[in-house]
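Paired with chain B in one complex and with chain C in the other, chain A is shared by the two complexes that follow.
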Partner chain A sequence: MKVVINQELLAGTLSAVNKAVSTRSVNPLLTHVKFVAEPDNLTVTGTDGEFTIRRNVAISGAEPGRTLIPAKLLSELTSRLPKKDITLELRDNQLNVSVGRSSYDLTVMWDDTYPDLPDYNEHRLVVLPCGMLKRSLLQTSFSAVKDSATGAVHYTNSVFFSFKDNRLDIVATDGHRLALKRNDGLSANDIERDLLLPVRVAEELERMLPDDEEATVEVFHYSNQVFFKFGNQLLVSSLLDVKFPPYERVIPKDISSKVHVGREELMDALGRVLLVCKQKDQNPVGYLETQGEIVNLTSDGGDYGKGHEELEAEINGEDIKIAINPRYLIDVLKVLGGEQITLNWTSEVSPVMITSPRDPAFTYIVMPIRMD
Partner chain B sequence: MYSSRIILLADLDCFFVEVERLHRPDLRSRPVVIGGEPGKRGVVAACSYEARALGIRSAMPMAEAYRRAKGRRDVAFLHHGLHGNYTLYSRRVQDILRSETPAFRAKSIDEFEMDVSGCERLFAGRHGGIVEFAEHLRARVRREVGLKVSVGIGPSRIVAKMASRHAKPDGVFRVLPHEVERFLAPHDVQDVPGIGPATSTALRARGVHTVGQLLELPPAVVGRGFDIGISGLVTNLREGDGDWQRRREGLGAFGTGDEAGTLDGPARRRSMPKSIGHETTFERDIIDPAVLEQTLWRLTEDACRRMREQDLRARHVTVRIRYNDFQTLTHGGFLGEATDADSAVFQRVLELFHEAWTRRLRIRLVGVRLSQFAAGASQLLLFATPRELREQRLCSAVDDIRTRYGRDGVLVGPGVSRITRARPVEANSTAGIQTGFMPMRG
Partner chain C sequence: MIDRPLSVVKELIENSLDAGASQIEISLADGGRRLIRVSDNGAGIPFDELPLAVKPHCTSKIRGLDDIYYSLTTLGFRGEALSSIAAVSHLTLTSRTAAEELGGRLEVSGGALVRHERDNLQPGTELEVRDLFFNTPARLKFLKSRQSETSQISTLLSSYALAYPEVRWSLVSQDRTVLSTTGDGDLYGVLLDLLGSEVGEKLVPVDFEFPPQAVSGYISPPQYHRHNRQRQWYFINRRPVGNKLLYKAVDDAVREFLSAGKFPLGAFFLELPPEEIDVNVHPMKREVSFAQPQGIYSLLRTAVSRAVGQTAAARQRQLTRGLAAVIAPAKFPGAAPADDPGSDPDTPPGFQALPLYEEGQALPLDPAAPPAPAGPPPAPIDFRPRPPAPTAASTGQPVSVSLGIGQPVSQYTAPHPSESGPPEVGIGMVSQIGDSFLLAATNHEVYLIDQHAAHERILFEGLYARLQAEQRGGMRQRLLFPLIIELLPGQAELVQAFGPALTALGFACELGAGPSLVVREVPLLLAGRVTVELVHGVFSELAEQDTSTLLADQIKELAASLACRAAIKAGERLPPDECYALVQQLLSRRSSLSCPHGRPTLIRLGVEELRRMFLR
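Let's turn to the complex of A and B:
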């Protein structure tokens, strides 16, 4: 194998693929990246066994070959090399990496047991616009529980893809709040499929997807894996084998009050009252109460003091009163566009629904905190 | 300002010793020491006033007690008490006290709290006054059960508890609202229920030795630096506490939990603990899995109860084992989803315990510790299953019963069978809430 590749291109490829490479693994193979060279194409693959990223790079005049290279070492070396063309040449068990007067021989290996991807091409589920999927993930994945290094598999560590009736619902929840993005008018032929993607994969996918409205992403589902193919990249993940709860059932139906309030205004005020909440790092409590055309937002920080904010609002329905974790509201206000948002209130112990007139396909639900 | 509350704290004098004496008249007026055998790391569980005169104290190693009693042939050492009977006698006292007072709570097997606020005129008419009423209670217990009881009376629970120490042995001590300040001032800070060794060391480092000095600190200063709720405690000392019947969430939430219910003032402010745990050393090293599991259940129940009192749910649980060769290991794991339910935690505790117990050796100590807390039950859930809701109701009902009737007021599931056998030596068990302020227990 002999490949000549630009330093920036190689560094970029490695840093993307390394997201899937495990740093610590019982299987030492998984700390390596796989290089497969063809005359005009180089395929770089990283995987931790569950999550795989593969990138194709167009090259020219390569000598075909394949090898497994220690991922971290190659990535760190490449990032420190000058911005010129790098030559990678395989000699026995050594990979020679050279640029100008720098020359390194890295010990590499080959092993047929390095996990390979199945032939998925016939199992295409749907083609989606990249921008739409990216936005949907951005608006939902934050609601899931991130620190899933716990070993335990749970639906709160996932982003749920539900294909049904020509639409795709993307949902995430941590058990206390839930974000739902509904994408209608899918050109899929009546597929009905439930896929639970681990949240860290969903977040990586969101970062990798281009913002381009024209670009598309192909989604494949085969066995217990899901494949996202876009541009020269492929992201593959094992699916979580758990059941996602019936999320549609918790969306409130009988709204007794709608409060329209400025999005940024509310977000800034919540950020300030959060500073004087008791247990602000863990279980902060903010109180929202309406009075005429005013929303009163207060917090009681005990020894730290108290906060009070007044916001102008348009209120349709009865006055509302609710105790809520301000952070849950700030999280959603960050990912919503538009000037106004609507708080849909039912009762002190019912979920609060946040909607945006500019983004009717998005729904966010928060459970309140019980007031004694 | 202290309100017009009147709290009675009744404490059975040398409870265990007195129960033994009821059965063995030959023990009367002799020094009596109850505890494990000296060769088996036993400690003194209880001792009579006569034994105390010899320098013997509760929780002292039995070997030390023997040493101090050397040359005294009249000292009686009891190694196997009338276990079951203690609860029975305690119940009989409780029945009397409950029948005489509007609000009653058992703090432990030999300590009972009664709120008789608003009964002044009733008692004045019937008995001549509150102190006379307390004497009436004492006489009834003496006559009907045969036990001596001391009663402390005060306008708050803490004051009543501290007054009961002055009432001993076999007396009544009352602190009137206007006397509270003068009563408290000379006490060492460590005499206050709720101030443990760590807090008192920290207070002494600031030059605060007596309760009087503590109360002189400006309220705004007290809370700083003590995130374990000292400001709530001081407010309590200064102003008295709220109505404890309506403040279940406050019970036993302070300090090590052994001071259950000493701190439920209106101004409790505490930061979230890093962990809540219980552990116990066995009287004899144990290899029987059934006994070990039963002990783990009790420890899990206790830790979960304290977690619920603080409205928390744990994500992580750690099991601690010490083999009889003193090798100590901890094994932790996540709970899948944050939970405050006894059964969910216990299931994980069992898994972890059996994973950790790999050596075929007897076990000396087991412990259960909860950590990585999340918002508790007051943060409502989107998808609570009927089972979770039922479990929640069960736990809160059990908590209520235990608040009123003590730890053994109700037994649940694995705690029922062979309870006396697995019951750990109370004097050896330790409990601690770890906050950011206190150092981690080794």
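Let's turn to the complex of A and C:
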């Protein structure tokens, strides 16, 4: 194998692929990246066994070959090399990396048991606009629980893709709040499919997807894996084998009051009262109460002190009073655009629903905190 | 009921005590088999009454019928002991009352009178029992080794020495002094002798009154313990007793500081009105029965809880002072590192930290007069060496103080020295080791923290705290999707039995079809931590509990079990800010030196320990 590739291109490719490479794996193979060279294409793959990122790089005049290279070492070396063409040449079990007068021989290996991807091309599910998927993930994945503390996999550690009736719902929840983005008008040939993507993968996918309205992403589903193919990149993930709860049922229907309030105003005020909440590191409590055209936002931090904010609002319906984790509201206000948001309230024991007039496809609900 | 030398000694010294002796000497030969001699300087027996003393059912301790019903305060009264001993030994009784010029000597062998004559004696009584069981080989056969019999007697005598510190006791076995006390009335002095000065100097007074009942005594801080009860002494109205209820009260009081199978050292004196107790359920009188066992249990448990709670909290403050100085002020300059309302540094911590011991028990503990938080409550006996006062503190050296009620608590909360010398530069960084332990360091010490035990403690106190303070009500996070837990056979009953405790802790749940448990709300503190696995784990633990226990105990069990299962596990990697927050929260707890199951949460290595470890 002999490949000539620009330093910046190689460094960028490695840093993208390395996201899927495990740093501490029981299987040493998985700390390597796989290079497969063809005359005009180089495929670089990194995987931790569950999650795979692959990138194709157009090159020319390469000598075909394949090898497994220590991922971290190659990436660190590449990033320190001059911004010129780098020559990678495989000689027995050594990969020679050279630029100008710099020359390094890295010990590399080949092992047929390095996980390979199945042939998924027959199993295309849908083609989505990249921007739409990126926004949906951004607006939902924050609601999931990042990592499972116990190692047990739970639906709260996932972002749920539900294809049904020519629409795609993307949902995430931590059991106390839930974010739902409904994408209608999919030309998806009546597919009906439920896919649970690990939240870590969903976040990585969101970062990798281009913010380009023209670009599209192809989604494949085969066996227990999902494939996202866009541009020269491929992201593959194992799906979680758990059941996502019936999320549509918890979305409140009988709204008894609607509070329209400035988004940034509310977000800033919440950020301030959060400073004087008890247990602000874990389970902070803020109190929201309406009175006439005013939303009172208070917190009581005991020894820390207390906070009070008044916000002007347009209120339709009865006065509301809820105790809520301010962080849950801040999280959603960050990912919503527009000047106004609406708090939809049903009762003290029902979830509060946050909607945005500018983004009607998005729904966010939070369970209140109850007091005696 | 004379079955071994021990019972002989017991009967004889009780007689001596009833005779008002201030000095009692016991000599043994061959573990009491060959010789038991008990001599005292008590009232003595008039010459004429000597033969009566060894006759069955003769006693000089009851003067009228009223004595039997109302005012028996003597240790014995049935008049059986001496005659039983006389029947199975060669007994010599010599005695002289103060009124007599000469005394008398009485010799009995196997129950038969051998001699009764005048003798020139000092006032007092001496009993010599030789060749015990010489005529009952069956009982002789059941005696244990000399060492064993001697050690039983020595244990017994230590109880009496504690109960009667004003008596000068001595026990000599084979011409070797096994035990001797000064008889100056200082209980603490006796304990020091019995426990050694290392533990002795750390003892914490137990002092609690609920008139007409009272508990006094001393207990060791939890870090000093034994694996059996041999260094625990229990007394009711000065009578040494062994009683499961009393054992349980002490065990339950220290359970959150000591793991199972470890016992604190100490002596516990209960003063109860005579009508509350019956000592005659067992001829040896070791066993007692109570008219109101639950009240007695609460009394002792509360007394011990308070003492131990205070010492644990004070020890924590002392140990973590350096760390708190570095970590806590980062966010709260000048404030106590606490986020609970009971954190006023001027308040003795034990009172807030252990509230439930005072609630929900059969005993309404002094509702009118809560222990005054300000000022040092009086110590029963002031004995401790004064701590090396502020001079040591200002050097930044950890101060080794013995902790007790007698000292104002503010001493432990003195801010870390900064008025003199260069200002403290705290390292305040918290690193995680092996995904299981946290390491924090200041300029003066290194702290090692068990992340699981620490978080368990935090959760436990958080869950438990919401029960004492009504002001914040029960904060509960409502769940978006109810947690549905399929119940195994028998678990539905368990849920019902623990229903009130679950509700008290902030769960809203109901029995559903299946049967299943449907959880709709969880305590805010556990939001995001309650899983099906956790609930099953808790249930399997509860299944081993006695469901008939008090609600307060159920709640505590449940809180401990939940805290343990919901806490961060060992082996869990934490981001640096979580490590930091964990240490911060731990510091804000009262008694964070042990998890609710009694394992330590925190180990401190000071400069002096490090020096020692590096052989400097």
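Note that the second predicted complex is superposed on the first by the 369 of 372 C-alpha atoms of A that agree within 3 Å, B and C clash if a C-alpha of one lies under 4 Å from a C-alpha of the other, contacts with A are read in each partner's own complex, and residues count from 1 in each chain.
The rule is simple: a contact is a pair of C-beta atoms (placed from the backbone, for glycine too) under 8 Å apart; a residue touches a chain by one contact, two chains touch by 3 or more.
Just so it is clear, the model here is predicted, and its values are computed rather than measured.
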Overlay on chain A: chain C relative to chain B, clash or fit:
clash
Taking the superposition as given, does A:365 touch the first partner, chain B, the second, chain C, both, or neither?
both
Using the touch definition from the top, say if A:349 reaches chain B (first), chain C (second), both or neither.
both
With the two structures laid over each other on chain A, which partner does A:302 touch: chain B (first), chain C (second), both, or neither?
both
Touching A:58, do we find chain B (first), chain C (second), both, or neither?
neither
If you stack the two complexes on chain A, which partner ends up touching A:154: first (chain B), second (chain C), both, or neither?
both
Where does A:251 make contact in the superposed view: on chain B (first), on chain C (second), on both, or on neither?
neither
Which of the stretches 63-71, 117-125 or 585-593 of chain C runs into chain B once the two complexes are superposed on chain A?
585-593
Please write out, lowest number first, the residues of chain A touched by both chain B and chain C across the two complexes.
150, 152, 154, 173, 175-178, 245, 250, 278-279, 281-283, 302-303, 325, 349, 351, 365, 367-370, 372
How about chain A: which of its residues touch chain B in the complex?
150-152, 154, 156, 173, 175-178, 245, 250, 278-279, 281-283, 302-303, 325, 349, 351, 365, 367-370, 372
Which bits of chain B are touching chain A when the two form their complex?
223-224, 231, 267, 269, 271-272, 311, 315, 333-338, 373-383
Enumerate the contact residues on chain C facing chain A in the complex.
332, 335-336, 338-341, 343, 472-481, 508, 521, 524-525, 527-529, 531, 533, 568-569, 572, 581, 585
Applying the document's contact rule, which stretches of chain A touch chain C when the two form their complex?
145, 149-150, 152, 154, 173-178, 245, 250, 278-279, 281-283, 285, 301-304, 323, 325, 349, 351, 365, 367-372
